[in-house]
């Protein structure tokens, strides 16, 4: 069964996740879909399963248009998806997860089917284990088996190999190829070019919700990388006048849980005045590192040292960090940093360590007005935070930033900003803050990291795979390190 | 030890006293398993008790009375469901307001029927009564509500553990988004769970006014039971068997509290009567504490340990209290 | 409206329980209705469930004020628990007359002159109840469902026991030790869930532990309802409710009879005195009209036989009542010991009204708490 | 503004319609019922002052609840906090050897705040330390407080001679809070209620604590970034809520019942929960809604006297108000989304 996406577009409010995407995937093949974080890959796939509605366009199967309003309809057409974020039920057992959504069968038959399938794919799954005790990879294996069991004919795999060991891959890949050879239509979403290259016969690259590249095997990697991450910008001469001084932040062999794989064997030292970019695929460990430094996550092993003080392993760590003039700006602003229903001047009232009992509304309003002017926020002091556009929310956060910060931790600082606002943010961070301030930031945009940082730390699956000054590395080297290709790192 | 009750009689009284509570708590379990907290229980029990008594009195039919109780419960379930599942309002707020509203509505509408004689459900002899040993005869001579409650425990246990529909319902309570992704309709499933659950709560209320504490009046005698049922669901870790055991424990405390009066003559009688309520809730807190560690580790290797783990670990459905909004 | 109030004599009735409780409050309510019938121009206004659990935040003085504003000239408060409120209201409204049922404020010289007390000598009714129970029981176990522990309830329970003891030893000639008389207190005059013991459960426990007659001393009819349920299930049990002539109607088949109050006589006395301006502060403790016990006009205390009483008991009970009436049977006379074995009455001694009114504890032979 | 008045109109219609329906089912005259409730609440100064004496504790409980609702806590334990406040007050009033009534009353005032506050702290501690949801901790503590007060009334603090449901012995007259001649409501009570209202408004709208509570209620995760520990503020808010409820208990003892009775809280805690929900958590509306609820409570006494109806109708109206308000809110949100 061939699938044709025709002029698909999707808006989330004002965010254009997909614009005019047209693409055909043929049965009997494995079609790769690649792109940087937030390119729109998952959204496109969720539209195909009816999990999300589309804003425009058509979906054709074998040439005839079909309606996909919910996953039930999609599964009737034989469409099944392995979601990127596991869509399963952690408190239930493997067998129960396997049976949910499958056609009705007796328990014994179900168990038998599951066992046969695990053997066929070389997986090791105990049907009675609770899913919460499994790794993400194992959870994806269950989903995969379930989809195959459900006689799926159009199989969508959104990053199926995130937690799968090389040995399991060796079992999985031939099985997938076998399935394709049997006539199944497989759509594979991945960041890992090696995998795509070894499995797919065709690849489509998405960037900012549009198709930027389409290729048949064999693939030319640099071409794909450019299509994914944009043109490789030339190295500008950096005119940083930042003073690098003594070490202020130390990770001593830290281990912590968080994101997908958490963080292991993390040893990092940050000096005064350094700008460090944290690169890596989504969830590879950058955010955990930032949160550890901000005292918002507690290490399981090892210590985090700030300005010579070891952070306590308790809830007071974040207050301790803030006392030491450490600031943290999370990516999810409304969820983690702002109060949706509170006005801008209220936010200014909350800021800082004033000790007075009363708050002066006038003063807060003045502060808010000044902030709005200085940071060109489009809004009034009485507006609530949720009324602001994403870009203006980020400006607000910067306006709220402690101006005496000695260490600024930013998660995706230009998320949702247009190019000019992004440049403005960086200008502010680099030029208005004291040159002794150290900046640690993560970003899915490789260009941004290469452009603004002095040093780059690359994460892969919870480990640091590269830690180099920006001059000693290249766009390609970082990109390959991010995707976990070992040979390219040397 | 406990007054002059012999052991079989004690068991029989505990069974009889716990039956309506079991039915109510299981109704709530059903709703909560699907992710919806129905906090209105305390009022709904009274409202359905009143409705059941009035209908039974007017028609002379116990069956119609029980049905009326069930449908009165279901009516409130419609409100809880619509407000929380379709309007996405706070389940706690809706339930609490409804609890107070239903209680007063029951008192208001039931006033003309207070303290009049109406039909009551009687104990019936079990089959093969005459060949049973006498202690079993005593224990098994019970009103039908007791058998219904016990049957319900097993039915619900079977439903949750072995049936496909039960699995779907549980899955919605754990992760409605994932259920949706697998082709289920979480809102519809939740609505059904709430309605059937509320129907059971109504039956439980009817069991008070038609069997355990026959008649209607202010107070009816079932006041405060709804809150206890809510606590029992947590106490029972959302597991039908354990919920039922909890209800029996509560009934035991109530029945034996009367006998304790003679053992501790210095303590006012009223204290023994209030005691089961806080005791119940503090057992719950204690359980919470003692299982917290093991829940965190949560690794049970062999099947026996798994069995023990399943028996004693209590865990709320993951998505409880949040209704699902489709994107 | 004030002219209408002058033509009519309006009196207010505050009832502690529901006016249709088939017990204490309903007995008062019906007496008020009778007054309306028999005293021309009289009109009752009433409010029931006057207790802090049912009417939170509402106090007696406020309700009195409301009744007074509606023209009430005399106010009756029917519960011992209203003592403080009635006294306070009486002081606030010196020109309105107050009757407090079951209290003894009027005995206190400092209490306001517009406040009188009224009570019935229910001791006799309870003696008859106890008598009927002992005549009926086959197991020799009688349960007494008591409200809360105070002087009034202790003397009523004791009277009941004395009646039962008399029947058991003097009529049936059985061994005193073979009679068990057990008192269980629920904590209030009627059930308040989570606060009092559940009377339904207490009655069940009585029957389950072998008692076959339960005498109720509380305002509501749970004991009879349970007995009726048990009887329908085939058990040979009976119960005796309390307070209200019609109480048997909630479970006629299991009803042995009911000792009840006729408040009409007392009400009429005070109301006529008020109308005729002959009011004086009184403490009135009215007994049965032995000549015609069931005359609602003249007898304050009475006993109504129920369906479940057999004819032999009926005749014996009539003889017993006659004995009580002519003084040939006097149960509060020595030798009598208290529950703790201390002496209450020596041989040959007979208790005074005040000794009975202020009975400090239960009697020897009774089981159950005295404090 | 226009939308608000439209909402109020719609809500009133819903409430009126539902109540009328209930009355019709009960076979009662609809208009006469409403009229009697109205007259029962406002027909005379005595009635108005009785309304005020219900208004005072309702206000105190509601003001307390505003704090916890700000922090997004469901302080259902407020009933027990009123009870413990009353017990605290009574304990102070029973201290022997203090001659000066004003001194004892002041002591009782603080003891009641402390009693309620500590009871709140217990529920808060169960939440932050024990992970027990505040609804269940609070309910359990309500029952414990109920058991405790019963034990006191029937045990150590019982009336000489007879223990009774009617409570402990009456306080000496000089410990009754005084009223204006002809009024039933203690002047001090009204002053305390108004003062607490103003203080609450100041605290929540003008102090840094108020804004921090609001922040924590909205987004405890984000509050961490503003050097604000949710746990600390959870505890603070529930202590203040308990304290305010405790003051209501103090007034119930010294101004209304003049003794300790088992149901001293009179259900005002639960009623205040409804009230605050109805207000949409806005302080400005609370005094008016409290007046509305109080007048329903008091006015409904006329139903049994005049029409032989059960006065539970007031509760039906109150619950219905909240549900209607929720319904309108829900429908608005739904329309906004689509």
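For clarity, chains are labelled A, B, C and D in written order, and residue numbers in each chain start from 1.
In this section, a residue touches a chain if its C-beta (ideal position, glycine included) is under 8 Å from a C-beta of that chain, and two chains touch if they have at least 3 such contacts.
As the structure is a prediction and not an experimental result, all values here were calculated from the model.
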| field | Of C-D and B-C, pair with higher C-beta contact tally | value | B-C
| For chain B paired with chain C, centre-to-centre distance based on mean C-alpha positions, whole Å | 38
| What is the distance in Å between the mean C-alpha positions of chain A and chain C? | 79
| task | Compute the distance, rounded to whole Å, between the mean C-alpha positions of chain C and chain D. | result | 37
| task | Would you mind pulling out the distance in Å between where the CA atoms of chain A average out and where those of chain B do? | result | 45
| Junction residues of chain C - those touching two or more other chains | 49, 53, 187-188, 194-195
| By residue number and range, which residues of chain D touch two or more other chains? | 143, 146, 150, 154, 163, 262
| message | Going by the touch definition at the top, which pairs of chains touch each other? | response | A-B, A-D, B-C, B-D, C-D
| query | What residues on chain B touch chain C, complex-wise? | reply | 3-6, 9, 12-13, 16-17, 114-117, 120, 122-123, 141, 212-215, 217-225, 254-255, 257-259, 261-262, 265-266, 268-270, 272-274, 277
| query | In the complex of these two chains, what residues of chain C are touching chain D? | reply | 45-49, 51-53, 55-59, 61-63, 65-67, 69-70, 80-84, 148-151, 187-189, 194-195
| request: Please give the residue numbers of chain D that touch chain C in the complex, ascending. | output: 40, 44, 46-47, 50, 53-54, 57, 143, 146, 150, 154, 161-166, 170, 184, 256-259, 261-268, 297-298, 301-302, 304-305, 311
| query | Which residues of chain A touch chain B in the complex? | reply | 49, 51-53, 70-72, 75, 81, 83, 87-92, 96, 99-101, 104, 107, 128, 130, 132-133
| Can you name the residues of chain B that touch chain A in the complex? | 162, 164, 167-168, 170-171, 174-175, 177-185, 298-299, 303, 306, 315, 317-318, 327
